[in-house]
Structure formats: structure tokens, C-alpha cells
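Next, two complexes with chain A in common: one pairs it with chain B, the other with chain C.
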Partner chain A sequence: MYDQIDQKDLSFVGHDVPRIDAIEKLTGEAAYVSDMILPGMLHAAVKRSPHARARIVRIDTSKAMALPGVRSIVIGDELDYRIGLYVVDKYILAREEVRHYGEAVAAVAADTLIIAKEAVRLIEVEYEPLPAVLAPLDAINIDDPAKPGKAPLVHPKLGEYDHVRNAFTPQPGTNVANYTKFRKGDIDKGFAEADWIVERQYTNPSVQHVPMETHVAIVQWQAGDRITIWTSAQSPYAVRNLFCHSFKIPHKNVRVIIPYIGGGFGGKAGIGIEPLVACLSRKAGGRPVKLQATREEEFSLLPCRSALTYRIKTGVRKDGKIVAQKMTMYWDSGAYADYAVNVTRASGYSCTGPYEIPNAWVDAYTIYTNKPYGTAYRGFGHVEFSWGLERQMDLAARTIGMDPLEFRRLNTLKPGSVTLTGERITEHTGNVTKCIEEAARGIHYGKLTKEEAARQKKTGWKIGKSVAGLQKAPAMPPFTGTAIFLKMNEDGTATANVSLTDMGQGTYTSLAQMLAERLRMPVENIKIAFECDTDRDPYDWQTVASKGLLIAGNAAILAADDLLANAYDMAGQILRALPCDLDHDGKGVFVRHNHEKKISFAEMAAGYAYPDGNGIGGPLVGVGRYIAQGLTNLDKATGQGNPALDWTYGAHGLVAEINEETGEYNILKVCSVFDVGKAINPAEVRGQAVGGMIQGLGTACCEGYIYDAEGRLLNPSFTDNKIFTAMDLPEVIESAVVETAQLDGPFGARGVGEHSMIGVCAALGNAILQVTGAELTHMPIRFEDVWRALQTKQSPDAWIVKSPVKHL
Partner chain B sequence: MKITLTVNDQVYTRECAPSKNLLHFLREDIGLTGTKEGCGAGECGACTVIMDGKAVNACLVLAAEANGAQIRTVEGEAKDGILSPLQQKFMEHHAVQCGFCTPGMLMSLRELLERNAKPGEHEIKQAIEGNFCRCTGYQQIIEAVLDLTGQLEHKGELRHV
Partner chain C sequence: MLCEFDYLEPTTLADVLEILGQGDAGVRILAGGTDLLVNIRAGLITPKALVNIKKTAGLDTFAFHPDRGLEIGPAVTINQLITNTEIARRYPLLEQCAEMLASYQLRNRATVIGNIVNASPSADMAPALLCYRAKLTLTSKRGSRKVGIAEFFTGVKKTVLAADEIVEKITIPASEADGKGGYAKLKRIKGHDLGIVGVALHKKQDYIRIAVSASAPTPILAPDFQAKDSPDYIAEQVLAAIKPIDDIRSSREYRRFMASVFVKRLLEEVRA
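The block that comes next holds the complex of A and B.
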């Protein structure tokens, strides 16, 4: 979809066009599901487990049912439906056993939310607490994860569950929900060739997405199994498909409507509370029921980002070339597999980072534990492994006595390099070396500026700098597709229907710009209809993976071209000209060699009518269909294949000042650079770059789930689980892009929504390390963690397992 | 109990449960859903409204406490269908993404601008410290206010390198 067009020849693409949804959001008029009230609507509340693992002995709902105003109560025993994206392992409500703290065991719909909550309080649940397994390494047989271990099984019936067989490999009889492996080159030969080998373990906790609008759904289950779902979700067709799969109801009977969404970040990617709300509505005689998660429920009833424990072993030659790397990742899925199995797979094929490693070996496990379950989260595993990988790059560089930036430049993927899965990089893939160099330039890497030197002298806080590289491809099925309907309105404006959602990332504005460019009409004349509706809008797989801009962008171009072809066809008849002699501007179609001969889009919008009333053509519409090209499933034995729609490369440069006595630090500057192919809307790209960076720094500095020894979540609130506020911003934030055109990207563009989170965590850790020697291996980096690391001042020698130097 | 309050210059009298908070009163009893609920615990600022000239978390104020008060919400910001200058600067600077924090953010800034016509960057940050935004990273919001008050030295931009 790429035509090489100079920016000076582009009227709308590449410009800072205002968001098309700005006005309704600024006035408070944009209606989110949380704002909706339907006639006869009931309000729901959920009874949740206080235990990480327990047998449900008895549930008594009689007192709750007797409360005036209660209209329906459901418990797990009556709901024999399992749901699941990739491994169908979850009941709508816990049956027989609860598997995590906060899991839903019963739910109530009542006339008011106050009554529903009182009814929930009156439901009596008797539990028999069972031993819970909380740490992924305890949950498996660490010597052979394919064999049973000592831990209780979170899912004893794992072998009976349906799962997506061409991508995932659950290990029945164990707590391994999925095992993915990648093999490239000859790992033993690689390590033999290495002069130095370093090996270290890294950890990340679970974190919460924190969309400002918590999960909310309204469902009405009417007679004849006709169901309407209004939900704050990212992917209308995924909700419908998974819902129908669970309830065995025809897709045509289920209508999913998604209006404005108050943030998603992956937490609303799949299906959530919709099936439960549906069951409450069915039992309440078809009245619509609304359930909105409380903020506390957002932390434990709904999913989080998976925790990760991983070991990296890296073999390096004296000259700085990485020759071998072995990585073992243990993803803590929590009680259900959800997206975590695919996070494992996608981060697996990417976990060598933007570096060429000729001999690589990756074992990645998704492990069930008795904790709230993991799902997609902006970055889809890459923030997590990037933390350790980029810390490891610094460790390896320092071990051999090379500057970490130089070490990275030497090892980056370049044209001709081969990725972990065997894909050959070309000059069009993107330029990570340039991203790294520009990030370094942005922070004046390797020296202190005059101001910085003065500041360091004055405060006594040491100023450290670092650069981390990053990359990510969309994690999606190889055949991911979308369609767009484009309709010419009677006044010559145009409206497009899509099922990709815009939850704030701004894709709709970019689509409008591309349509405007193709139709040659102002962006103001184009509407992308907010409120997705599966009854009216064409298919889109999911709004995830930073693939929306590329796939839907191409579909938008094809829809515009299809509409134009129909317009030219009609205009050719009206103007008595060959379509090849026609051209168009924003108003209509004209004959290229005689501009006086023209017909407007407005006159053709409903089909053209001659003065005598004869009509031709029919309403002017266009359909754009696009599907990812040339991608493959991965070989299960080796991980080889072509999974990547595109690789967006980038780098984060970070400057921090650290108080060596107390462990406190400030982030002075962050500079991000991404190779976006083409910035369709630079101001929006910047919004993604900064927003993701701050979200990433939140997870780097302060966010994370904390459990007690019994698996109860201790910090499900903003008081105890802080996110970044305006007062926490780095003093200077800079954003830049490289534009190496993606040859199958719309106007050369590739996605960047998730990438802005990825590199900042490791960049912070490495900047602190650079000037203090504090070796941090766990995220988040709290001041007390820095202080502790400074007390121990562990020598990097501790992680060296092979050295050409004799005394080691 | 019966309460009367003035919201965006309109007087409303309603029967109201003593336990109802101002946020739910505005959203459910008056139908002004522009003000959002993000946590219900006074931690996120999505429900910020201006009560008698002060920005408050509407989830922490009982409707009964607001009896007789002058309330301003996001719905009062645009006049006759025209965005206020603050809203226009938000639009120009892409200070909106998902939009869920935006109403509360605007109210915190409206209060700030009424007591300080030229707030510095630090004062702007302080004014919105209690307003969480998970999307924007705050930078473009701060720039919008600096621009509105004629203090933005360089328009924030995405560098092409």
C-alpha cells in the first residue's frame, strides 16, 4: 500500500490534524457505557472469593433472594459454560473450587446498586481453604516442566480443555498452560565460541492496566436468545465470537455495541464480565443488567499483566559480538490462561530483542498459579522481558569492558540479519541502529552537559545516562484481517464504518486522514463512526497488537479506491468519458482533459438521476478488505516461521540523578525514538510516545501487585498501588521518529501504540547502575531497592560463568 | 431529604437520599454524565467539579453537603456550542486521548485559572496532581495550558530524525 509520496505533496497525512473525537470528549458529551441507563435496567454486584484456593462447600442465596428489589442471582453450579481465548479453562463463575483471590462466586441483579450490594453481603458462602500455589517456580517441576511436580494442580482437567492447537501446547498433569520453544543455530557451539558468559535472573511483578473507566457492560438477553451487549471492550467481534462459542448461540443473534471507551491498554482486549451479566439478564426475564467493576474489582476480579521470572545466559566474544543466548521464561499466568499463553509465545519469538544472536535457545512457559489471571497489556510481554534483556546487555558490555551503547550498535539487527524465527531483515524493516544513536544524541550520551555538571556538583546527586533498544511486532494470528465500509453521503461528505475501536489511541483520526488523502477531501468531511456495532460494521479481528494502523489503514485505502472506482464508473457514463480519462478532487470526478466536464460526489451519492428521472449507478459506497500477507504459524519444535506483520524498532534514552546515600532518584530526561515508517499524525504519535513512556515509568518506579503469604492481594487501590501523576514527570521529555517506509504499510506507516512503554524500565535501571554500581534485577525500582542494592554493591563478577581471565 | 443546588447556573431541586454523594446526584438525578467516576474513593480525580469556587472530588462530597452550593461541571465549559478557550487549546495540543479523565482535568484547571491567570508549569502540575490520566502522560495537557496563558516558549513537537 506504499506509494512513495513526498511529505510536501501530502495534504492530510503527516499533518497534526486534531482528533476527530475531541469535541465530544472535551464537552463531556461522549457517552461511555458507564454513562448509559436503559429502560428497566437492573444493577449488578459480584460476590468474590476471599481465598486464593478453596473448595466451595455451600452457597446459600436465600437471604439475598428475599431482599426486596433483588431480581436475579446466579451461582457457578447453574452456569456450565466455559470461556477462554486460547485455552478454554474458565467458568463464568467459580464452580466447586475458587482459583484466585477476588474470583467471582455469585452475582446479583437488583433494582438499585445499593440493593445489589446488600444482597451480595447476604449471600453465604462456606469455603474449605486448600493449599494454594502462588509462585510459578513452585508450581512446576523445575527439572522437567513436562512432568508433574509437587504442587497442587490449578487445573487438574487441563487435558480435557479445548485449546488453539496450532499455536499452543498445554501440558496436562502439570501447571503448564503452554510451552513454547525457539531454537536457532547451535547453542552449544555458540557458547563454546564465547570468551565470556554471563547469566542472571530477573523478575517483574504483575501490574494493573488502570483504564480510567473500569470494565463495564450492559447485557439484555431477550426471548428467543436474542442478546445485545453494550460493553467497554476493545474488540467487538472477539466478544461476540467468544460469547457465542461459550453459549452455543448463533452469531446473528448476538449484537455487540461498543461506544466510547475510557482506556483499555490490553485489559479489555478479549472477553470479560459480559457472559456473567448476560446470565443475570436471562434469569431476570430479559431485563437489561449493568455491571461496572469497582476500582478494587479491577485489580482482582479482572485480569492484570502477568508476572515474569526469567533467566538469561549470554555468550559474548572479546570483540563484543554476542554469539549465543539462552533464555528461560516462566510467565505467571495466574488462575487462567487468557492472553498469557500468547504473551508467552509472542514475547518468545521477540525476546532476543533488536539484536542479531546467531545461536539462540528460548524456553517459555505459561504457568498456572492461584492468583488473579494475566492478560494482554500494552507491550504484550515486551516491557517485561526488555527489562532483563537490556539490563543483561549492559552486564555483558561491562563484563567485556565495552561501552554499552557501542555494544548495542555492534549487535543490532541490520539488513541481512536473521531473527530468532528465521526472518531475514531488510533495509525496509526499519533502522534500530539509528533509533539507538538518535536516543543517545538526545541525552548527550557519554558526557555531562555544562548544566548537568553544575547540577551534579551542587546537589551531590550523581547523574547517570543510558540507552535501551527495543522492538516489537504485532502478536496476532498470521491471517489477521479487517474490513471497512465507506459510504458517500448526499452532500459529498463520507462516513466510514469500522470494528477496530478507538479507545484513545487515535487510530480513527489517522484513518480519516488516509481516507481524506485518497479521496482528496478535507478531514472535516470524513466521519469514522464511533460506536461499533457488530450488526452493522464489518469484521475486525481485535483492537490489539499495534496492528490497527497498518491493517485498517490499508483497508481504508482499499475502501477509498473501491468507492472511487464505483464513482469513476458512474461518472464515465454521465460524462460520456472513459474511466481512464477521469480524475477526482475533493468535490467530485472530472475529465482530465476537460475540467468543465465534471460531476460531484454529492450528485452520485445516492446513485445518479438524469433530468428525466432515469437513474444509474446506485448508492456510492466502497468496501476495503485487508488481511496480513505472507505470515505463517511457527514450527512447534523450533519456533521457526514468519510471525511478524512488521517490526517497529525504537530506543529510549534516559538521564537520572541518584542520591547514593538514600537511594532516591529523579528522572531528568527521557528521549524516545521510534522507526514508525511514516508518522501519519505526528502530534498523535507524540501522544502515544509520551503516554506510553509515562505508563512505562510508572511500572518501572512504583507499580506492582503485592500479595500476602496466603495469596490475598494487599494493594488493590490507588493509595497502595500508585500510578504516575503530573508531579512525577521527568523534567524533560522528547520524542522523535525515524521514517523508514514499511513497504506494505499505509503511506509507509507501522504501529507504535505499545512500543513507547518498552525500553524505559531498563533504561532507568541502567542509568542508575552506570553511576552508582547498584545492580537491580527486579522491577519496580523503588528508592528502598536502590538503597539496598547500594548497600550490597554486588560485583558483576557474581554473574560471570565463563571468563578468559584465569583468576575468575 | 430535599436539596437545591445550582449547577452551571441552572437551579435544581430534588429529593435525595442522605447517603448519596454529589457525583451520583449529578449523574443520576440531574443526568449530567460528563463528570466521571474512576474510583469512587477520592483518589483519581475523574469526578472533579467546582463547588463554590473550589475544585472537589464529587465522590467525596455528599449531595446534602452541596445543598445551596454553586456547582460547575464540564457541561458548563462550552457556551452556545462553542468550546471555551481552554477546551480549544486541549484540542489543538492533542491533550485528549480516551477522554475519561478530561472533564475532571478541565475542572481542576478551570479552578486554577480563576485564581491564577498565569500559572507556571509547576503550578499547573500541582493543580492536576490529583487527576490521573493513563493515556496522555500529561505533557500535552500542560502545554495546552501554557499556550492558553501565552507562556509556551516552544510548541511541543515530534522531531523527525
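The block that comes next holds the complex of A and C.
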């Protein structure tokens, strides 16, 4: 829904409006589930597997149950419920077999957390360790992944599991949870046209989301199977729906409440610990039970970002045109499919990047291994493949002796270009070429500034510059929808109820701005209710995929229009005017040709009352409903179809200095540019640009799971799984927007929540490559890796190491 | 969520020594708590009692005496050390090592002596104290003894401190003041991180002293060097003194390489 309105005519949209939740967050008054204590509440703790794969021979809970204060203990054998977003493959607690290090095998609810932890210690579990399959390439028949291989099966009963059939294809008898393929053009003909072919293998490890608030839920399972769930989750309706499917309980019986959320980043997108806590509450006679993951549990009890190993083969002509590209991706799902199968699908249809490649071939596999499982993570696969793809662009350009920036400009998607899935790009889709050019301008690409030249001379550290393009569309069902309830309050302020959550990304402030713009009242007069409650708030699919602003933004506009239509209808009667002659300001409705004739929103809020007491109209509300349109499922044989609600394009320019003797480097500057269609709140766009960029650089520089040879996680805490801090910010950060209006976006806007993470990792790799020749194909890039690459010109992969680890 | 323990707040050193004198290994001294509480939470330590010494008279000693040198008591925090500009000026290496220790918030709590008593191979205060040849006063009901910092560490997280003893103070000789020097620490991020390898260098008129962290079971002090020794010779001697390992933070090879790079970098800085 795009009305072409000049920025000068917009009062609230396009302005730097402060966060509507700033006060409670800055004062610490915002209450999170972590803060909540309910009357009679019990505390839970989890017994976890010290093995990557083992048969559970025996679990003895008798000593734990005898501990005073213990109220309930559950083990896998008594919980015959399976959970799964796309492939229903996971029990609430491991049954018969544990499939990854850290997997839950039993749980306790007790009067205090100290008692619960002591009870967990007293639970005896006898395991028979089994050979674990750890590396995805070992887990499959590499010659034909659809056929059985030699590795043990993580899920021998894969063929019996229910799964979403129109999107996913598990391969029973193998460790392949899903196989997605894309075919465009004629790949053999394309490579035959190529003058040069560049082929490389790239890898990324698993990483942790690291939300400030770890996963936490309180569940109360009351008589008559009435269940209330308070949880730190991104998507109240997804939690309710998946919960009800597992337990076969009517949706009306289950109420999910989500107050403020201390960060999600994809790790709280689906369902997590809620079913387990529910079972503890049921067994404890309906007392509310709280489970909060420790930071260490975040790393292996709860899911991570999937690791990825992939090969890219790119064919280019001497004139710089990419003519063919073949990509084979092996996603390491870990023990359960969760979101990883959809990461495989969604990053698959995007993995030619913001470039037009006439002949493209993609095989993408999601592979089960005996490791903590992968889920959604900001970027949804794009950070991972962009790492290799954008490295590949630089290598291809260098191969033919062309400047990498020029090479990118030549190959970008432009109006008329066709994407991997057959979608035709238009002038309204967005302008990635301009993003790339602006990012290049921002870092003074291709030369050193006077200051940079002086710095290089003084330090001896070489300064490199690079620009990487990026793009992403929301990964969502083609029929994704949402609704918003808007209520006029008795004083003329307005309150909106949504089930899209705001976990820090700032969408609620943007929604308030759009409502303010439409209602013509100050943003301060509008409240977006922070606590989401499935009993009261209307449906929203999930808060994921950078689609919230577009879909909920449109719903907000429609809700405002609906409320105004109701107000005009009522005001027409009161003012004795036709609605077509009415207009409104922030206070109320008036007759356009006679401003003296007016009636305030406050007077109509509860329905209008005449002086004699007669009432008309009824309470003033508006409902906005919106659903994505024109999207389709993808053809399973070719991957052709229309999956993209919108494409947000962007680019990162990066400047780094590298010590060629030691491999140390500093990131001096990052310039980010995104085609957001319309920046509803430029300050929030910058917040996303900086936040995502620093999160991306963390994964580029230092983050990553490290396992020992038995599949035990060696770094499940901040001691050895470092994330970037404020001190690690680049010395200079710039962000800018390009605004090519999205015709079905609210005020022309697109989402930008994930995009700032994509591309920046490859930009760092390319800057290092540019000045040192060190070819690094594994993320993260540790100083030692650069040092080794400088010496050997070979990339090391030391992420499976052999050292002893303490048992859990 | 920790565990149950008694909490004691003695006001005099005599009371502290009396409590420790029972010789119970379950009784632990609480100063900054930045290592202790982490270890309790991880279940590595389950103390019977914690003895808070922050309110004990005399344990916050922090003064420079022209004759005795610099004295630091066990309640002195890292940030107290950093913000004392006079001491930071006289003992620049102390400040440099302190600045590299953890984060600002942790430095508000963490103590200089706690960092030493914890005896991590990567203890950031150790290289400075080794270079300055600090002496520790270990006190118990049985009396006091002085131990050189180089003799204090016996292994990873192991020291000569007995269960009934407290490090009453660290003394740094006045003769070590007013040198030049620096601390180079290899980290994975610029924010707070344990050192992968750290090298401290202390130069006076006629000698150079180098200590290395995170490169052996204990922080290491290399033999004294003469001011005129060549960088290659010095680096070679330092490498002979350390025994780094392979672990998930780094390879042994890279630790050795960076130790030698840091030695040369620091030498260049003090000779510039």
C-alpha cells in the first residue's frame, strides 16, 4: 500500500521518533518473564546428556524424588509427544536415545532452584555410548545423498515422521532431513560459454544467538487442560499452535502471554522449552513452573545457527559477465530439523545473491548430525552463503583482471533481470547497484585517503577496502498474514493490539508512527500494547523474516482507516454531514467546508451520547487485516516460483588494516547502505544497521562452536565463545539508505532487520585478501588463521579439535 | 543461584586469621569475588564459609613509601590502582597490565591480590609484579613470611599459600619505580578477554626484565637482560623460558611466534 507522499508532507513517518518503550527499558522497569514470580511457583532444572549419541539404558529418579521440596520429575518415557516446525522429529525429552551433547533427558520442578539442581544431580542415568556422526559430509552418501550411506542414522524412523509436504523432502533411510534444488537456464551450456571457472569450498561453524535474556518460560497446567504460558518468545501464535498440535489440546484452552522480550535474533522464533515446563506443571498438580536456561544451556540445550559447508563453481566470461554458477550446500542441522530445513530452502532460492546469473544450479541438503540443533538466526542462511558467494565474486573478478566493484556493478540484478526462481525484477524492486555505489563512495573505494595513507606509513599495517552486495527476502509461507486491533480511548488517545512482538528491533515505534500519520495525532497519543496475549490480541504468524514492518505496517494503516471510517460514519450523523465532506485532525472529525462543525474522537470513543442521553455508534474501534499476496510455493523439481514478498537490497563497504607479519587486523570503517523503500524511522534503520553489522562482524571474527572428537561442545560460555563488545566497534560507522518505494509496502517501506548482518563478513575477508593475498575460506577469521594463510596461502580448519572436556 | 554457605565479615585482621586458623579448606576469602563467585556458580567450589575482607581494617593499604616501596593490600581493586595517577606514573607497567584485565565493571570489583591468588596462567597482573620483583607477605596465626612473586606460583591455579594464610600485602621495591615499559596482550576481541599470550617488559637504566602470561602453567619471568642485548637474543631467551600449549584459543606455534613479536615490539617502543 503505497501512497506517493512527499517527505515534506509527512509529520511522523520518516522522522527520528524516539522508541515508545524507551522509558521503561532505560529505567529497568520493563518486566520480563525472567523477572516474574507467580504465587506457588516452582523452579525447574534439566538433566542433560554428556554424550553426543548414546542409548539410554536406565534412568533412576528415586533418590531425586526423595529429596524434600521436589514436586515433580519427568523423563522421556512418559512423554509421548513429538514437536517439530516442519519435520516433526523431536520428543520433549530424549527417549531411548540421546542425539546430541546437552540434550535434555529428565527435568525436575522443586520449591527452589537449589533443590531442583540438587535433584538433577541425584538422577542417575545409565548410557550406552554409540558412535556419533558429527561431520555433515560423513553423514551422507556423498555421491548420491538420496541413497543410504555408511554413517549411523540420527533418525532411523525419519520415514514415519509427519512433515510439511508442499515444501520439504526428507529422505528416509538417510541422514538427509531435506533436499531442495533450483534449476535455471542450461548449466552445461553456461559453463561452456565461460572463459574462466573459479571453484572453492567455504565453511561456517555454528554460532549462538546470545540474547541478553536467556530462554525462559513459566507454564501453569490447570484442571480441565487449561494452560497458560508466559514465555520469552518471538511468536505467541506459533508457540500456541505448535503446543496444541503436540498435545492435541484445543487452541482455546491455551493462552500464551509474552511481555517484554530480552532479545531473540531467531533463537526464540518457534517453540522451545514451553512443552517441557508444561509437563512439569501438569505433574506437579497444576502449580506454575518456571524454567530459565543458564547461559551455558543456551549453547547446547537450546538451538544454534546451523553450520554450513558449501562449494561454489562460477563461470565467467572475459568481459566480466557471470554465465554459470553451481552451488552445493550441506547444512548441518544437528540432531533435529527445526528451522534448518527452511533455512536450506529460503537461502537456496536466494543464493545467487543480488546478481543475475543466467544459468544456475543449486543443490541444498539439510543433514542430521549428532550435534546441538540449528534454528532460525538473523539472516536465515544468508550470512552463511553470502560469506562464500561474495568471496567468490572477488576471486572471479581477480581471475579476469577486473576490479571487483566494477564486476559487481556489471552483474547486479536490474529491472528486467530474472532471479533464480524465475521472478522478473522491476524498477520498483529496489536498486542494489546504487547501494553498492554508495557504499563504495562511503569508504573512498579504490584509493587511500590522505589520513589512511599516513596511517599505513606510520604503522606498516596495510589498509584494504572492499564492497559486498547483499539481498534477502522474507522466508515465510506465501500466505503469511496478520491483524491489528485499534481502539480509541475515552480521552482521544489510541491503543493498538498486535501479536507481532517487539524484542528490541523497534517495529512498535514504527507502527505507532504510521498510525499517528494516518490518524494525524502525535505519536505520544498512541500506545502499542507491549504484552502480547493470544486470548486478547489478533493473529500474527510469527515475528521473523524482516516482514513485520511491511505486513503489520499495512495492517496498521488498514486499522486506522477502518477506525476513521467508523468515526466518519458516527460524526456524519452527529454533524449532519455526508462522510464524503468530512475530514479529521488529531483531535477529531470536522466538516471540511465548515471547520466550526466538529466532534472530537474523545466524545465518540465510547459511542456518542446526545445531551438527552441517547447514544449512537458504539465504541470506536478499527480492525486491520493484511496478507501477503501473489506468492507461490516453489516447484519441487526446479525451484521455480514466486517466494519473495519483497527484496531488500544493500551493501557494506569495509576498510581494514592488516599486519602482514602477525595476521592481526583492525576494522577501521564500515559503511552500510540499504534500499529500505522508505525509512519510516531513520534512527531505527541506523540502529538495525549498526546492531546487525556488529553481530555479523562477531561471527566473522571470533564466534563459533568448537567440538571435541566425541561431539562434546568445548566452548559453551563467554570464556571461549567471545562475542563482539562496544569496544570492538569499527572506528567509523556510516549508514545510509536508498529509497526505491516498494509498491505494496506501507509508505513504500521494506524490512531491514536482518540485512545488516549479511555481506559484512565477506567484505572483511575480501579486504584482507585484497592487500595480503591471504585466502581465507572459513569463518571466523582469527588472527592465527590470517597468519597461517599468509604463510601457506591455505585456509586452516581447526574447528574439530581433540582435547579433553569436563562431563556435564 | 549458588549454594548455601556462611557469610562472615571480620573487622580486624586478627579475626580473619582466627577464622582461617581453623585450617578448613572450605573457608574462602571473598575480596572482589570475580573469580570466586564464578567458580561457585559453576559448581567447582562449594565453600562452607566466605570471609569478606573488604571491611577489615588495614587490608585496603595502598601507599608508596620512599623506603619500603609500594604496598598494596588485598582489598585494593584494579580500578583503584588505575585511577591513582601518582602510582600509575611511577609504576607504568602496573597500570598497563591493569587496563588489560577484564572489563571496567569487573575491574571495579576485582582486586590486585585476588588476581594473583587465583593463579591463572593468564593472570594479567602477574607479568607486572614479576617484572617489578614484588614480594608477598603471607600472614597466618603462626606469623608472617615473605615470598617473592616468582616463587609464589607453583602450577595452574596453584600457589604456596597455605589454607590458614592470607596475602596481607604486596610490596614493590622503590628501586623498581620510574622505569619504562609496556604490556602487549593478544586477545580474540578488543573487549574483555583472557590473554592468548601476554608479554610485559620493564626497562631501567641498566637492565631489562620480561615476564610472560598464558604461556606456561604459571606466569613466567625470564632471566634479566642487559640494556644492550639484541632483540633477537632477548626473544630467543624468552622463548626458551616459556612452554605454551595447543588449546582452543590458539596453537602453541602461534603463541610462541606472537611472544617473540611482542618482545621485539616492546623493545622497539622502550628504545624509541
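Please note the rule applied: the second predicted complex is superposed on the first by the 793 of 808 C-alpha atoms of A that agree within 3 Å, B and C clash if a C-alpha of one lies under 4 Å from a C-alpha of the other, contacts with A are read in each partner's own complex, and residues count from 1 in each chain.
Note that a residue touches a chain if its C-beta (ideal position, glycine included) is under 8 Å from a C-beta of that chain, and two chains touch if they have at least 3 such contacts.
What you see is a predicted model; the values in this text were computed from it and never measured.
Of the two partner chains, chain B and chain C are each touched by A:T725. In the superposed model, A:K487 lies in contact with neither chain B nor chain C.
Put chain B and chain C next to each other and count what each touches on chain A; the higher total goes to B. Contact with chain B, but none with chain C, is seen for A:M212 once the two complexes are overlaid on the shared chain. Of the two partner chains placed by superposition, only chain C is touched by A:N715; chain B is not. Looking at the shared chain after the overlay, A:E684 reaches chain B, while chain C stays out of its contact range. In the superposition on chain A, no contact is made by A:R409 with either chain B or chain C. In the superposition on chain A, contact of A:R750 is made with neither chain B nor chain C. When the shared chain is aligned, chain B comes close enough to touch A:S34, but chain C does not.
Counting contacts as defined above, chain A residues 719, 723-727 meet chain B in one complex and chain C in the other. Residues 113-114, 117, 661-662, 701-702, 706, 714-715, 719-720, 722-728, 782-784, 787, 798, 801, 803 of chain A are the ones touching chain C in the complex.
For chain A in complex with chain B, the residues that touch the partner chain are 16, 18-19, 21-32, 34-35, 37, 209-214, 260-263, 265, 294-295, 434, 438, 503-506, 673, 679, 682-687, 689-695, 717-719, 723-727, 729, 733-739.
Listed in rising order, the residues of chain B touching chain A in the complex are 27-28, 32-41, 43-44, 46, 73-75, 77-78, 83, 87, 90-94, 96-103, 106, 124-126, 128-142, 156-161. Across the interface of their complex, chain A is touched by residues 1, 3-4, 103, 186, 188-194, 246-251, 254, 257-258, 261 of chain C.
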